[in-house]
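Each chain gets a letter, A, B, C, D, E and F, in the order it is written, and its residues are counted from 1.
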Amino acid sequence: MKRIVVYPGTFDPVTFGHLDVIERSLKLFDKVVVAVTTKSSKKPLFSLKQRVVLLKQCTAQFNRVEVKSFSGLLVDFTKKQKAEAIIRGLRELSNFEVEFQQAIVNRKLAPSFETVFIATSPKYFHLNSTMVKEIASMHGRVDCFVPKPVLLALNKKFK
Amino acid sequence: MKRIVVYPGTFDPVTFGHLDVIERSLKLFDKVVVAVTTKSSKKPLFSLKQRVVLLKQCTAQFNRVEVKSFSGLLVDFTKKQKAEAIIRGLRELSNFEVEFQQAIVNRKLAPSFETVFIATSPKYFHLNSTMVKEIASMHGRVDCFVPKPVLLALNKKFK
Amino acid sequence: MKRIVVYPGTFDPVTFGHLDVIERSLKLFDKVVVAVTTKSSKKPLFSLKQRVVLLKQCTAQFNRVEVKSFSGLLVDFTKKQKAEAIIRGLRELSNFEVEFQQAIVNRKLAPSFETVFIATSPKYFHLNSTMVKEIASMHGRVDCFVPKPVLLALNKKFK
Amino acid sequence: MKRIVVYPGTFDPVTFGHLDVIERSLKLFDKVVVAVTTKSSKKPLFSLKQRVVLLKQCTAQFNRVEVKSFSGLLVDFTKKQKAEAIIRGLRELSNFEVEFQQAIVNRKLAPSFETVFIATSPKYFHLNSTMVKEIASMHGRVDCFVPKPVLLALNKKFK
Amino acid sequence: MKRIVVYPGTFDPVTFGHLDVIERSLKLFDKVVVAVTTKSSKKPLFSLKQRVVLLKQCTAQFNRVEVKSFSGLLVDFTKKQKAEAIIRGLRELSNFEVEFQQAIVNRKLAPSFETVFIATSPKYFHLNSTMVKEIASMHGRVDCFVPKPVLLALNKKFK
Amino acid sequence: MKRIVVYPGTFDPVTFGHLDVIERSLKLFDKVVVAVTTKSSKKPLFSLKQRVVLLKQCTAQFNRVEVKSFSGLLVDFTKKQKAEAIIRGLRELSNFEVEFQQAIVNRKLAPSFETVFIATSPKYFHLNSTMVKEIASMHGRVDCFVPKPVLLALNKKFK
């Protein structure tokens, strides 16, 4: 039996923290579907298409990873992928509450899926996409936060 | 490939909250090894042997669950079980910090295992073994917290 | 002596979680004034008038509940209602900090009122109006989150 | 209709923080029953009898306050007092989790009672009985933390 | 050796809480550079110039305080000031997570600076600029939250 | 003017996390007095004398660090050292509440001292003495948690 997990997010842009979660997920599941959401509470810096392309470039070395975009309910997308679970990375306390609440609601909407959480590596605790964009916009160095393709894309945006 | 997960704890005694985690784990893994620890910060109410027996009675209906006791480091036990992950249930914020720290330390001791967390059902958020024992010791009703075999064992202890 | 409590909020729209708080308040006070605020940090989905009407429909069975809208300072409104307290529901940790800070400020502005908190039922912990609107906007099922009149109003908005 | 509330605790010893909660409770309820628990996770400094006497001395000015000791389940004691609610003071985040969990369990044991929380005055946030005892044991000044009768009792213990 | 600390913020407007942090900083450092940021997630009520002027008026009595505005990365500004540290006030738990994450990121960008935190006085825990503006906009009293020059400026804005 | 800071703790035993705080403190203050407390909520593994000796060995390279033991109130000890501040390391959220409360109480006992907090390096977030002792007692590897002299002392205890 093949076990599939969905890893949803905005990925605006993908960081080393996200890649850390993807790698750990591959140890637990047979396939990881990275699901880039079309909706977002704030206007994204990168278009949906750009975010998908960057993710594909940064996960090219993993042959059990697929990158897709989705709209509508996450649980509907998950069902269509024939996945058994949704995975989310936790960075100490900072995002726990929101993640947990979302997991409980998703279970109510679709009791057959589980949301599983894994601890991000401590060296990525401080890392989120918003901060990366803010630092890059002021021409600070972000090469320790994001992989090469994202670095180039950020430099292009903010030069 | 068969995926095995270890679910460690004191289980003094097992509650509906623990059984909820075991059932959810079975959806994600091929085998769940419930690992009853011999060490404990406070003196347990039930002996190690009693705790194992109660767990076996309460999980008899699941043929992919094994109950074992262990001493020494959890990561050593996990390796011996040929497991890929350790699973822990989260009850909103109350136990998150401790669980998270333990996961980071275990990863440091044995980088090849992941700790995965799943959200306990909201109806079990309030539930922990300490509270169950306290209520039972004052002859309050605990039948909504623990399964039948545990109920009988508690009544016997506190009659 | 008749004790009156004010239950303030945006109620955009009212959910089963809000109704749970109203019912519990009725056990502690002689009258509950549900106070719908005109100000809001984000543009509401339902107009003030619609929110008040929905609340009236959903609380019609309680004859000690009044629904009113208010602008200006909550403490001024509370004084005008001859109320003794403000009541707020707590959903585990998620909204505690903000609620607590507001209570301390309100006490500073009007030391004669108390803010009292009550625990929402665990089955409503995950529930908030924002999530309900998001799910409804993607045509997910929300009948387990909101009462009938709200369900009809949401369907009309998002069909 | 007369509304009665139970305010439970160890009160080892009573502090200005506890008295703050009692005074605020009197605004919301017709009678406050201060309930001193006989059980305690650690050995108390003052005997049950001493704790009750100190509480009586410190609340002598309020004629709607009663001080009693209780053993067994809090909800059983509450029923016997014909009370409608249990009240607890909150000091920012520090004790919220434990208080909340206890409230949910008590509601499960006795659905007819509510636990209500009120915010302690900010000037008492830092204050708890354990700290007071520790400082007093090293002959630090605690007159800004506890009322006169408690001060004398502490001095007697630690001289 | 002269020790300089930077105290960054939006200060829209400066409150008694901010002044409390400045006074405490003066005990630990030889000079405090108050750094008013030009960027802000929401549109400020007061212009950058107004915010700087109000801060200068409110700190005129301290001859070791300088008020400056800055744009770009905080760590670059800190370096230019020949400062050794960045200071931030903590109000119990409410702002800890965000502050901590920012400190870790700033250390990554510039390992030679430390971020130090000090506890704001409990009487200012509840206090933040957003709340002050909200209350003032509804003509509530804010004289216990902000110094005289700010009070006048707020009255002028909202009359 | 020479600035002195006191860094108090149990240090049972000293870890890389503690040494990280000491090194950072040296950037901000002219002298760091490491203060080993004689009181402890649980029985320490190492005697007071051993803990002081281990700290001296591990800080021998810093000529502005002094190691002392103290009993009684921390604020009294701090005064005797002619120190201006107490410093404490923060590991994300896990120990914030307790540290903060202690700081507020110490300020009440001695308003002239400040408690300053600094963020421990993320790689030491997971690290505390209790965990180190637990792992060492089960013969797990702790060489990434503690310096050489402590490693030898632990091996001797648990061989």
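One rule holds in what follows: a residue touches a chain if its C-beta (ideal position, glycine included) is under 8 Å from a C-beta of that chain, and two chains touch if they have at least 3 such contacts.
Everything quoted here is computed from the prediction, not taken from an experiment.
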item	value
Path length in steps (a step moves to a chain that is touched) from subunit B to subunit E	2
Subunit C and subunit B - chains in contact with each	A, D
Which listed pair, A-B, B-C or A-F, duplicates the contacts of C-D in over half of its pairs	A-B
Whole-Å gap between the CA centroids of subunit A and subunit D	47
Subunit A and subunit E: spacing of chain centres that average the CA atoms, whole Å	34
Mean-CA-position distance for subunit F and subunit E (Å)	30
Touching two or more other chains - residue numbers and ranges from subunit D	92-93, 97, 104, 122, 125-126
Which chain pairs touch, all of them	A-B, A-C, A-E, A-F, B-C, B-D, B-F, C-D, C-E, D-E, D-F, E-F
For the subunit A and subunit E complex, residues of the former touching the latter	93-94, 125-126, 128, 131, 135, 138-141, 144
Subunit E - residues contacting subunit F, complex	3, 24, 27-28, 84-85, 90, 92-93, 96-97, 100, 103-104, 107, 114-119, 122
Parts of subunit F lying in touch with subunit A, wherever the complex brings them together	92-93, 122-123, 125-126
Subunit B to subunit F touching residues, read off their complex	72-73, 75-76, 97, 101, 104-105, 108-109
